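Common to both upcoming complexes is subunit A, partnered first by subunit B, then by subunit C.
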Partner chain A sequence: MRKVLIKGNDAIVRGALLGGATHFFGYPITPASEIAQGAANLFTRSGRTFLQAESETSAINMIYGAASTGARVMTASSGPGVALMLEGLSYLAGAELPSVIVDVQRAGPGLGNIWPEQSDYNMCCKGGGHGSFHNIVLAPSSGQEMTDFAYRAFDIADAYRMTVIILTDAYVGQMMEPVGFPSAVRHGARKSWAVYGDESSRQNLISSIVMNQTGMAELNIMLQEKYARAARDLTDWDEIETEDAEFLLIAFGITSRVASTAVSHLRENGLKVGLLRPKTLFPFPSERIAELAGQVNLMAVAELNNGMMAQDVELAVRGGCDVRKYNWYGGMVPSADELASRVREDFNG
Partner chain B sequence: MSGNRVEVNQDLCKACRVCVETCPQHCLELGSAINALGYQAVRFDSVDCTACGMCFYVCPEPGALTVIKGEDA
Partner chain C sequence: MVKHAKPKGFYDTFERKSSQGGPESETTHYCPGCGHGTVHKLIAEALEDFGIKDRTVFLSPVGCSVFAYYYFDTGNIQCSHGRAPAVGTGVIRSLDDAVVISYQGDGDLAGIGTAEIVHAANRGENMAVFFVNNAIYGMTGGQLAPTTLLGQETTTTPLGRLADREGGPIHMSEMLDALDGPAFIERTSLSNAAGVMKTRKAVRKALTNQVERRGFSFVEILSPCPVGWKLTPIQSRIWIKDNMETIFQVKRFRDREEGSRGTGRMPLMGDEELKELLGSDHGEEARKGENLETECRVKIAGFGGQGVMSAGVLLANTAIGEGLEATWLPSYGPEMRGGTANASVVISDEPVGSPVVNRPTTLLAMNGPSLDSLEDSVITGGLIVVNSSLINRKVRRDDVKVVYAPVSDMAAEAGFLKGANVVMLSLYLLEKGVPGIQTLKTVIPKSIKKKELVEVNLKLVKAAEEFHAS
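Take a look at the complex of A and B:
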């Protein structure tokens, strides 16, 4: 496969186009701006639609409208922008509209800075807006996965009628790596529930309001069943050196790249350390982590936030083994040596 | 003198310093003036620029930096 050296953010745009995205509505924000820039260029040149909204609130409501008409829609932002979209995410979930949202995480809270963090984990993985809903959350760790996940995201969104969030970070978004592209362009099929402005779809209604209690309860129960189905079918993760591991590192995104190198160094020194990298954060690989809790002596979750994924790990292991938290903030990303020394201390301690 | 230079769009720069730290020739530095966004935008002041383009590639602000190769380079 021929590869091109590009930024992760550019890889997202190309993956989305090949995956059948038809509309991009967005508002640029560092460190996600290359996505809006790339979409403005490539969506328009390939006959798709790009529109720069006046705000993220506008963008997410354009997403709602276009998704209602069966379009394959996407936007991209960073934490402050995605936070503004949370009301819309809830409405999308209530109306079961498929969409793809890229969050290139930066440091927070507030305006924070434009360096990488993973502190939008709870906002994205726990639904974010009001109501009992979830989004499917994919966590790429390389430029190649930025393309691959964006390519798949539209099919997943359509299949489950859900929002798919590609939760990446400023590091992976800005980093340039060789990326190969799929050869086939995907296209969305006509949707039986969408409104196309023609006779056959005239009876369809897109709404998230259900004024009677039993109807609203039934919608909620159906949503939970859908999330359970997604957990059965979509949960995905990678493992490195876990077969005989006595110590398990868990990390996603850029932190998993650092952790992978740290595991190699530690193994060279004879320490039986393994790595589990969730590729989907919702659904979360809880069952596999619970299994490994019966094998290893200790787990440690390395992440660029205050231990958000560690809470999901603790919930999965249910006290089955001790879970340490390695946290960094503000755009600080640990080196492999720094992470390895933290593991060494706890491994020997 | 090569005539190579980097033009900085002062009002797009967020002063993240990635280009300052990446430039192998140390051609870029934070300026003292405050731009429209409230940041001390980067300033180019050097004759050592090789127009390698690394500042352009690492910059997270599309359009903030333009690298111009000098005619006598």
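Take a look at the complex of A and C:
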């Protein structure tokens, strides 16, 4: 495969176009702006649609409109903007509309700053808006995965009629790495439920309102079944040196990159440490983590927030294994040495 | 209540309504004397008369007309509160031939959705907006609306609306008339039969404009809400005449008859053309490269404008050119505006773990502040290359290798001061050996976008080679 050196944010735009995206509605925010800028260039030149909205609220509703017509549609933002989109995410979930949202995480709360955090984990992985809903959440940790996940996201969104969030961070977005591109361009198919402004779709209705209790309950139950199906079919993760691990690190995104370096240092020093890196955060690889809880003596979750993923790990292991929390905030990303020394301390008890 | 002579733009029976537990399937859910029923009927009639039911996408808002989709025999989308103009923007950007109708109340359009309507209007989106102004929130029980009249009692202004507290009624037609975007703006009233006839005309005009692609068309309709106003249907119509029409002038504000609005889209590229545009078949063929003794973690730092970012990109590309793995991470954001910038490059013969460089193996210091702030971070046994044109102090540490080179002067001598970064990078490669300077020479013509600058950059590489050899 031929590879080009490219920013993670640019890799997203290319993967999305190759994955069949036809519409991008966005609003600028650091550190995600290159995605909107790249889309403004490439979506426009290729005869697709790019439009800068007046706000993230409007952007997500433009997505709602275009998704209603069966289009493969996306946006990209960062925490403050994604927070504004939560109303829209809830409506998308209720109306079962497919869409793709990229969150290039920055530090919070409030305006925070523009350096990486992973503190949108709960907002994105737990639904985030009104009602009992979920989004599928993919967590790329490299430029290559930025392209690959964006490429696949539209197929997943269409298959499940769900929003797929690509939850990345400022460093993976800003970093340049060699990236190879898929060779086939994908396209969305006509959808039986969408509104096309033609005779055969005239009877179709896109809506999230069900004005009776049993009907609304049925919709909710159907959604939960869909999420269970996604958990069976989509859950994905990577493991490094877990076969004989006595200590398991768990991390995603930029933190998993640091962790993989830390693990190789620790292994060189003879410590049996492994790494599990979720590639999907919803659905979460709970079963595999529970299995490993029976093997290792200790787990530690390294993340740039106050222990949000650690809560999911604790739920998965159900007290079967001690779970340590390594947390950083404000855009501070640990060095591999710093992380390794935290592990060494806990390893040696 | 719409009961007799139902227009064909409606469904024959309102199945969606009865399926939600409504008792009758031939009548609407609106209260007796409500203006929504009248406006619905005028729209339905026009849809049938113009033969555009198949093409029409009807957006239902949040408000009493939230269930408009019970009635209109068209494609239907139910929207969140106030956002229909944004939803419609998404629809029309996808369906070039659709007739998009956004039907909204005054809370929806003039309250929570003010931004959406203003910007859709300003863009001149191809959509017909029917704005039912009943000066109150009907759905939620008669609360204050942005269009509520001064002195008007509502459930949240029990003592009457007061300008000093709530401000006065908002005039949406006048506001939108201040924009260039809209093609058609008219305010009508349902106070009497003549007003209904005028409204009928305006509705048909707005829809004709969609068929003709004339652009954004806005009809504000002063409309009765007997239940919210606590009046009878007949009293309500008189109240509109006597109170609303004096505040909200019934008038055609704009009718731009000429011209049509295009999609603003370029021709659609096929798969091969798209791949060419993305350059997705370009780049280096991945291959297994040389082995490195240790991973190189390089920090290139200097003033913004000294090309530290692009030197980093060149370095990463040179590494990839030799089949090595590389990452490049910039400093970014406001700190860039402050003057100093740095790029972190990690080069390895295995996939790179952390791209973050806290303890560089090499520091390429283009200016004094960079050396001051980063000297201590370099690992023992590491390398510092100092731009001695701009840095007149020595490195204080004695546990690192130091190369002093007047890279800015060398670049100036070659007549291209901006190329100091390339001299610096070349010296690094010459010092290290891997990746090699020969690879840089093949990378420069491929990476430098301004072709006229390739030659001078290659000259700078040569100058660095001569300096290194001496």
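By our rule, the second predicted complex is superposed on the first by the 349 of 349 C-alpha atoms of A that agree within 3 Å, B and C clash if a C-alpha of one lies under 4 Å from a C-alpha of the other, contacts with A are read in each partner's own complex, and residues count from 1 in each chain.
In the analysis below, a contact is a pair of C-beta atoms (placed from the backbone, for glycine too) under 8 Å apart; a residue touches a chain by one contact, two chains touch by 3 or more.
All of these numbers come straight from a predicted model, not from anything done at the bench.
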Clash or fit, subunit B versus subunit C on superposed subunit A: clash
Touched partner set for A:176, first subunit B, second subunit C, both or neither: both
Touched partner set for A:118, first subunit B, second subunit C, both or neither: neither
First (subunit B), second (subunit C), both or neither touched by A:30: both
Which superposed partner A:73 touches (first subunit B, second subunit C, both, neither): second
Partner chain(s) touched by A:14 [first = subunit B, second = subunit C, both, neither]: second
Subunit B versus subunit C as contact partner of A:46, first or second or both or neither: second
Partner chain in contact with A:242 - subunit B first, subunit C second, else both or neither: neither
Common ground on subunit A, meaning residues reached by subunit C in one complex and by subunit B in the other: 30-31, 114-115, 174, 176
Complex contact set, residues of subunit A against subunit C: 1-5, 14, 17-18, 22-23, 25, 30-31, 42, 44-49, 51, 53-55, 57-59, 61-71, 73, 87-88, 91, 95, 114-115, 171, 174-178, 180-185, 195-199, 201-202, 204-212, 215, 254, 257-262, 264, 333, 335-337
Subunit A-facing residues of subunit B, complex: 14, 16, 57-58, 60-63
Residue ranges of subunit C touching subunit A (in the complex, touch as defined): 16, 20-21, 53-57, 60, 66-67, 69, 73-80, 83, 86-95, 97-99, 115-116, 118-119, 265-269, 271, 273-275, 277-286, 313, 316-317, 320, 325-330, 332-334, 352-356, 358-359
Complex contacts: residues of subunit A adjacent to subunit B: 7, 28, 30-31, 33-34, 37, 113-115, 170, 174, 176
